[in-house]
């Protein structure tokens, strides 16, 4: 399949490299606005077609699939035109800027019988694969909470707030692991650098199954943390993505109902049972995304990160943004 | 000064030991409902007066100061009677069960010219002392956020929720470090074990100065965490109370406003500058509380954990509980 | 059984407390040279017999067992006299100052039919128990190496070098886990503070089974480490005694003989398989020692830390000291 | 300057990439025995000259500098011929297989007035730069020990033992930081996989200044460690190269001579003072090597990793190997 890549910025080169080595695809064209980046590509790949705008890729008759790695505001126009031209689309996360856009993209993909996939790369990491198995097999028991901390000293982007930058990772992972959509979202944030663009955000979600989810997102932390805890009635797990050796640790839930008389006795340590850290697949996740895109196009698999999944993530972002706006409004003069 | 201790349960023995070795105090009486505990004390301290109820201590004419280490519901009646009888009072945290009770206790202490102090032990740890100096000296710059995670596999107490159990630590520390009261509190929780008693709670506070505070409290975590991050315009710090060697780490804030054109460049590491971990005083904190109680009674110092401070903590608890009740109400059928 | 304790310094109070709560023993006398320590004991335990010298304990006709917690030079005279007087003996580690002394103590115990036990407390920790099971059950496979790092910023004792201070722990643990005595020991050290008393020592031991053991001992490390790695043909384990949550981690050995052609391919990560950290018993180890002493005296069990084991530890110390002396001699002018 | 690279295996591509982006060099030829690797290069760089053997590079008249990244046995013949042909040489570590070879290489470089440099890449990391400053400025005081642990689950190379694989890093770093050569080396090892090729090695070195150095090297550890501790009379430091955030921690030495009477008092914590972790330069070390090679050739700087330094490292390896051979001989039937 002949692929055109739109956007050769931060993530674009990784997509390029992984599509290039795939036996299923051939990258034939790249669109990138900056002259210097195009020159760089030309030196290394003299045969590659280089374009200034994504329009040229979307319109090209000899391209079968389009990969979109541009700012989120451009996802909808590029993806919709590409699909209407009969091209398969892999688009960076988040899929688009609103639920309305997302619903239209899903409809276009369906009516034009093309594949629409969102690059939620994390779903193809060894860690998320292992957690998916744990959650779906019933080994965790009934899930009661999902608690994520995703903080670092950030890149202050002028057009995106911290939630739109970081939460798509969490939302897509949670959606994949637990398969449930929230009934309500409370969000609160604080703008230190750019007025109106929170750089710290706290989100709490409630789910039909009684599960609670919480997200601590920040560009203002001196220390980077990537930590997710998931609590089930049988097992609990902690995923520390920065631990190179033991990313996932699994614990017995340790919750036991004691007779009332003993409830004032402190549990003498901070954990109850054995700890198990499973071996994880170390394959590059993006290679898995590219394979999955090929398998989906060929009809062999149902995508785990198709348009429907991308839309669910955008719906959570929109719900959270509405709550954030309300709370920033309430707190105006203070944090907005 | 002659001291009577009411309650010889979990914390009582620590209070007893520290008052016993203090040159300022002599423990002359202990009240404890359980026969076995009294027998134990009698064997070791044959001269100690042992009572079944706190009433006997409160009423005793030969006691100058009363230390109250009983369940929170009993704090108000015991402390108020003791003070009305002219006795100084040190009471366990939280000071009492409501703002109304707290205001009355403060008024009684004032009118009877006795010392009312709350045992917020953490304020006398080396870690909190060091942070107090950093925050008060201006070295941190303007504080913008306070973010605490206090989670463990808990003791499910039948009469207290996770917030009343764990948050008094955070609230008293934050109050001491930053000296500011919140204008609003949002709280959300989840009840896994006892209906109506959340065992997970997430709190967000907004402050007049624009600061935001956030608290992640849980009895449902398989791993214990005691981690507080404080962000200032000049420095940021992380306090990990479970790190035996380097409890406090101080970072330059690392926030720099870049020209807009460069804002899409990722900061290549996760931190910017040097890290400094100060030596901390290792003296037992409770010994400091006892000294401070003596110095306050003698009029030498103004207490850092007096009735006013205790009341501010109870006010935050009450505000948070109201929000928690609202949200549990909204979520009823789900998490309440 | 009526117990006399000789020595109430650093470790003595722990022995006192554990013997006191044991149903098998009653502590009736304590010998301690320092007046202040005796006064302290008298205040708390008015009925206790207090002596200035161990001789009084050893000679007392109403004492069944003697516990010796004095400097190592005094172990032999006290223990030998006590046993000759028909008393059972529990002595602090190391059992004595030389192999000659050790052999005599073992002989005396045998001829007088009394129990001689050495307080190698570590053998009763949950960590060492778990490792014992792993090594003895064959689960580890054939053990090929034992590698210990036991370093801290030390107490510079004027009469003992770092090896005699720290290595008895390692030697007794290794002896218990692996049950093998070394055929040769190489030792090298360095004296920073007291000439002739190394404060850093490196030991390497060779064993009949081909196993190699290595010990890194130091009083000069700014950071405390207590880390032992044991390699077997099937499993390897790392014991980090300062990790409160996961003291022991167990790994598959991960060694696979590859065809020669592939041997220049780097293994892409630093570990191969799952990691497992077992739950450990949290009971105080010294309570186990006291129970074991009682069970040994009553003839119910064969001691795991009897005179024979104590002698093997002293033999390793003596072998290592001889090598250390040779190497310090060679390095004279430099490190001796 | 026109560069020829010999060897395009594991490290060769990194050298290629860094020389390619350097403004000082142009890579014009690569020699590599394997056809598949050459084909790969041809596709990406159609203008590059590709050779089957290093001889062609060494003999080429249009090449100014040769970079040698082949097995150690080939370093001497390739480097000596290249220098005799007037070419500058950068050779992978270790420089060569024996002191005799090393002395000849140094002599050839001198007589032919060309630059001979060894790629001890670590010397250009931010961590080693920072430690060099600390050691050379006198801030550490007099250095008394150097203690390194460099262990992992290894690549069992059929032609090199663990010491020749791992120790060149340690030896070159120690030589650079401390500028002292050992007077004696004791080495002991153990062969698990390939007879005669130790996969565990313990080395101890003594120095004229009284310093002691120790190296724990292993391919048999389930956990990777890269930890070096350096003790000085004023400061001590620990370099943990696997800690992404705080690779270097600096401590006050904490050694104080107490009056004899107090020497039996335990220091109550495991460390004494503040801990400081400096910001480190994050530039890729190999880029620094390439710059340094250019600056050395142009005569602007004296190389920190020139032939003399490379020879000192080989001399330490040879001394250690002799001791290892003796000890393996002694232990034959056991570990050899």
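By letter and in written order, the chains are A, B, C and D; residue numbering begins at 1 in each of them.
Keep this in mind: contacts are C-beta pairs under 8 Å (C-beta built on N, C-alpha and C of every residue); 3 or more make two chains touch, one makes a residue touch a chain.
Because the structure is a prediction, the values reported are computed rather than measured.
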Suppose chain centres are the mean of their C-alpha atoms. Which chain sits farthest from subunit A? C
Of B-D and B-C, pair with higher C-beta contact tally: B-D
Centre distance in Å when subunit B and subunit C are each reduced to the mean of their C-alpha atoms: 41
Where the CA atoms of subunit B average out and where those of subunit D average out, how many Å apart are those spots? 53
Pull out every residue in subunit C that's touching 2 or more other chains. 223-224, 244-245, 270-272
Hey, which residues of subunit D end up touching subunit C in the complex? 9-10, 144-145, 147, 149, 152-158, 183-184, 186, 188-190, 192-193, 200, 202, 204, 206-208, 210, 212, 214, 216, 218, 220-224, 229, 231, 236, 238, 249, 251-255, 257-258, 260, 263-267, 270-272, 327, 330-331, 334-335
Which residues of subunit D touch subunit B in the complex? 244-246, 268-279, 282
What residues on subunit C touch subunit B, complex-wise? 44, 223-224, 242, 244-245
